[in-house]
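Take this structure first; my questions come after.
Chain naming follows the written order as A, B and C, and within any one chain the residues start at number 1.
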Amino acid sequence: METCMSIIIGILFAVGTYLILSKTLLRIILGTSIIGHGVNLLLLTMGGLKKGGPPLLGLNTLTFTDPLPQALILTAIVINFATTALFLVLSYRAYKVLGTDDVEQLRGYNDE
Amino acid sequence: MKEPNDVILKTATKAAVVIILAFSIHLFLSGHHNPGGGFIGGLAFVAAVVLLYLVHGIEKVQKNIPVDFKKVAGIGVLISVFTGVGGMISGNPFLNQAFWMVDLPLFGKTEMATAVLFDVGVALAVIGASLTIIISISDDR
Amino acid sequence: MSWLHLIIALPFLCAILVPFLYQQFNPRIHTGWFILIVPLIIFLGLSSYIPAVSAGKIFYLTLPWIPAYDINLTAYIDGLSLTFALIISGIGFLVIWYSIYYLSRLKEALHNFYIYLLLFMGSMLGLVFSDNIFVLYVFWELTSISSFLLIAYWYEREKSRSGAQKSLLITVFGGLSMLAGFILLSMITDTYSIREMISQAAIIQAHLLFIPAMILILLGAFTKSAQFPFSIWLPDAMEAPTPISAYLHSATMVKAGIYIVARCTTIFGGDPAWFWLVTGIGLITLLYGSINAVRQTDLKALLAYSTISQLGLIMSLLGLGSAALYFQVGSAGTFYAIAIFAAIFHMVNHAVFKGCLFMAVGIIDHELGTRDIRRLGGLMHFMPVSFLMILVGSLSMAGLPPFNGFLSKELFFTSFLNALKMPFFNMETWGIILLIAAWVASVFTFVYCMIIIFKTFLGKKKDHKLKKKAHEAPVGMLIPPLILAALVVAIFFCPNVLAQHLLQPAWEAVLPALAATAPLVIKISPWHGFNTALLLTIGVIAAGTVLYITYEKWRSVYRYYPEALTLNNLYEWMLEKTEAGSRTITNWYMTGLVRDYLVYILGFTILLVGGTAVFFEGLAFDSSRDAAVNVYELVLLIGMVIAALTVLLAKSRLTSVIAVGTLGFMVVFFFVLLRAPDLALTQLVVETVTTVLFLLCLYHLPKLRREKIPLRFKAVNGVVSVAIGLVMTAVALSANSNQLFTSISGYYLDADKLAGAKNIVNAILVDFRGFDTMLEILVLTMAGFGVYTLIKLQLAVRRKENEGTK
């Protein structure tokens, strides 16, 4: 399972990176979103998979999965949401004001 | 938003929103011992409000819920910070939480934790910030 | 903390008060009157150390600064540092007095001037008293910076700015080299204290890094003391107000290099490389400065070149004296070590007579509005006191009795004559050449001294070329240079008072080992009988007089001086090329394209992470502990791959947004399968809201276009992406296979007891790691406000514009 997850993580990172390197703003945002998923899965995999029950002490299990990565991922999800929202608004504002969503044309002047 | 004839949707929404709100509060309260907590509770609340917006349109909802969500977010952050300061007052490090077991007349033996207060702040911040984002975007025409 | 530390800190502390004083009392009272007290206190305070130091005592006072790194503010008083400090505070006192009359309290920014001046004074004192190399370096650079600020004091002038820049570039370059040299020394000796380095001189001399450390430290000393070929900054530094030229650029700061060379003589001395570098560069500078001084027409530029040549003289004497250490002990060394004594003596003399000369030239400039020799002449009757001061200063510089310069010049010749007898360092053949060079330089020195006196004060008065009417300066302005002129004469008549109390201890501080075994017994007297040194002096006077009288006939020789090859042109050329080169390089990689920057960042990530993993053998693959894979999971995995690829290939916006949403929901399923209920719930809601946001924004964003990217770019993008994917896979696999230590999650399993919570994830969020959560909601709120302002401010502007058009 861990091996499979590692491969999936690699694929998600590769796809996300390729999207980030493209010129369209929307593709870049989608790329960051995909990389975010990759990071979350990476954190989860690092803690070990299916080592026990969910980390709820009320359940009658003896072993639990590692709760720390889960807490970190929870934080990551929410921050990812916040940055994605900000990025989205920033990009469509840029498009409306400047009339282009091509990163290459957003570069400004040569002497900057 | 245009005004289509969507009686079924509106009626279903009325029921759904109540259920979702109740569920969000349940998620929030049970967070300390079961899946849930400030984030999830807050986000579920956001989902309910978003549903209202989708069905009834922004102006109508804003008239009926005259809350400035930016302030909600700010208040949420402040609450969380101040619960942290509370830990400092009792001589513990910043953000140190405490809990007691209290016997309440109706509920029996109940746990009181300052962590819940912190979670309230989290939930308010999540609700406020998310709704600010969504309303702002949908408002921009 | 001791009195001494307080003395060093005093200028800095007073600098803080200057703006308030200036604001309160300007223009009623000249700010300089308040500042005048500072050097006076320092001078008197330091004078109290003279009896103890001349008795051979050494003070060593430590104040911890960064004790963890063994960096302490250790003040170290011996003869050498005390001599320097007395010059700094003494000349400083006179210069500040002089500046009160020189700088108008109505027109000038006095607070700036005095803050810079005090900054310099404090750092110069710190420099000579410091024992720790880092503290010394900090003070060293502070003197460079304050010199920069003072040269650029009249910053609205183009020449002031370029002169200041030049001095800063050259001296800071030297300072950094010196720091490197000191660090090398500290690596060799394992200490940061100069005193301890000196005690390990034998270890240093035997070390492989001896020569590099020596060259680096000498670079620092030579740049600061304006030695050839770094001397070019000093003439340009004359753009500073004259009090500053008198203080920094002749009496004190340029002597810092001399100080360092003197201090390091025990470490490096006795080595032929040190001997030849210091003596050789010193002599070249001496010749270069004196020959160039003759052709100057600006009095201050003339003095600048003469300062360069005098610094070269002192430097060459220090070099000669270092030969004394060739003999480990004994009176044979002392014979040559007279040169060191001569160097210190001449340094003091130079500070006195050059200070006097600069101030007198400043008076001429101030009262007549020019210092161009071609416009001056016949001023003797109008400015008799200034004439007297120039006469005393110049004749002393030329080495004539009855002035102090004569004494040190005699010692200078004696040292070179002594050096003829050195049976080592190839001095049998070179000694006579050195002597001739020194003699020729002295002749030129004599010539330019005559030029200063005769061209300005004798001859016809050229009223038509002057802007102002010639008249003498106010009395207050005349007193400081008069004091110096009086000192010039006083030192001639009783040199042994000075020698006994300051010069002797300073000599002992430079050569402590020699002083312990074979102390220098010297009695300076103006008359030794007709010895070779006196004959040389007479020769200088004769040849110099002839050259001065025939000056008009041979001055055209200077026209053959190749202008294109001057050091200044070299400096300009280097500056230009460096700027152009750095611009080319920067423009080459700073393309302004985010994509390129991302490729750099990702490329380095691949190299660093991947490289580290390979280099430290961190890669590992061990699937034995893996959990089993069941069918649902396999289907989900394949679904995720398909969703990701769909995003990559999608032609429409909607497809790609929905594909990303699908990916998110599949991650939710994974969270469920992998026993993370909290995550699953959160991700579910967040994914829904995010998708809604994307769809809302699609309304505003344009349709996806086919990107026209050159194939080369596409290939690079593809390679980088695949490499990143591979590196991340490798990292994930290795992290799982290398279990270096047990997980810390066991602690959190006690959540019920510690935090009263049964949901561990929630307990971590609100309790164990509350800080994370608090800052996280802060981020969320800030993002919310960011979105709000981005949209609403824009709306407000648009609304206003609409109203405007109506």
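Going forward, a residue touches a chain if its C-beta (ideal position, glycine included) is under 8 Å from a C-beta of that chain, and two chains touch if they have at least 3 such contacts.
Predicted, not measured: the structure shown is a model, and the values here were computed from it.
K.L.:
Chain contact topology under the given definition, line, ring, star, complete or other?
P.N.:
Contact map by chain: complete.
K.L.:
Going by the contact definition up top, give me the pair of chains with the most C-beta pairs touching.
P.N.:
Result: the chain pair A-C has the most contacts.
K.L.:
Where centres are the averaged C-alpha coordinates, which chain has the largest centre distance to subunit A?
P.N.:
The most remote chain is C.
K.L.:
Could you please state the distance in Å, as a whole number, between where the Cα atoms of subunit A are centred and where those of subunit B are centred?
P.N.:
Chain centres of subunit A and subunit B, defined by C-alpha means, are spaced 25 Å apart.
K.L.:
Subunit B to subunit C: how many Å between their CA centres?
P.N.:
Computed value for the inter-centroid distance: 59 Å.
K.L.:
State, to the nearest whole Å, the distance from the C-alpha centre of subunit A to the C-alpha centre of subunit C.
P.N.:
Distance between chain centres: 47 Å.
K.L.:
For subunit A, give me the residues that contact two or more of the other chains.
P.N.:
If we look for residues of subunit A contacting two or more partner chains, we find 54, 56-58, 74, 78, 81-82, 85, 88-89.
K.L.:
Multi-chain contacts in subunit B: which residues touch at least two other chains?
P.N.:
33-35, 39, 126, 129-130, 133, 136-137
K.L.:
Any chance you could list the residues of subunit C touching two or more other chains?
P.N.:
677-678, 682, 686, 689, 693, 697, 700, 757-759, 761, 765, 773, 777, 780, 783-784, 787, 790-791, 794 - these are the residues of subunit C that touch more than one other chain.
K.L.:
For a test of understanding, state which residues of subunit B touch subunit A in their complex under the given definition.
P.N.:
The contact residues of subunit B facing subunit A are 33-35, 39, 126, 129-130, 133, 136-137.
K.L.:
Okay, in this complex, where on subunit C does subunit A touch?
P.N.:
Those in contact with subunit A are residues 592-595, 598-599, 602, 623, 625-629, 633-634, 637, 640-641, 644-645, 647-648, 653, 656-657, 660, 663-664, 667, 670-671, 674-679, 682-683, 686, 689-690, 693-694, 697, 700-702, 704-705, 707, 709, 717-718, 720-722, 724-726, 728-729, 731-733, 735-736, 743-745, 748-749, 751-752, 757-761, 764-765, 769, 772-773, 776-777, 779-780, 782-784, 786-787, 790-791, 794.
K.L.:
Considering only the defined contacts, which subunit C positions touch subunit B in the complex?
P.N.:
Per the stated touch rule, the residues are 677-678, 681-682, 685-686, 688-689, 692-693, 696-697, 700, 755-759, 761-763, 765-767, 770-771, 773-774, 777-778, 780-781, 783-785, 787-788, 790-792, 794-795.
K.L.:
Which residues, counting only subunit A, touch subunit C once they are in their complex?
P.N.:
1-15, 17-27, 30, 33-34, 37-38, 40-42, 44-58, 64-68, 70-75, 77-86, 88-93, 95-97, 101, 103-104, 107-108, 110, 112
K.L.:
Which residues of subunit B touch subunit C in their complex?
P.N.:
Interface residues on the subunit B side: 27, 31-40, 43-44, 46-47, 50, 70, 73-74, 76-77, 80-81, 84, 94-95, 97, 99, 101, 111, 113, 115, 118-119, 121-122, 125-126, 128-130, 132-134, 136-140.
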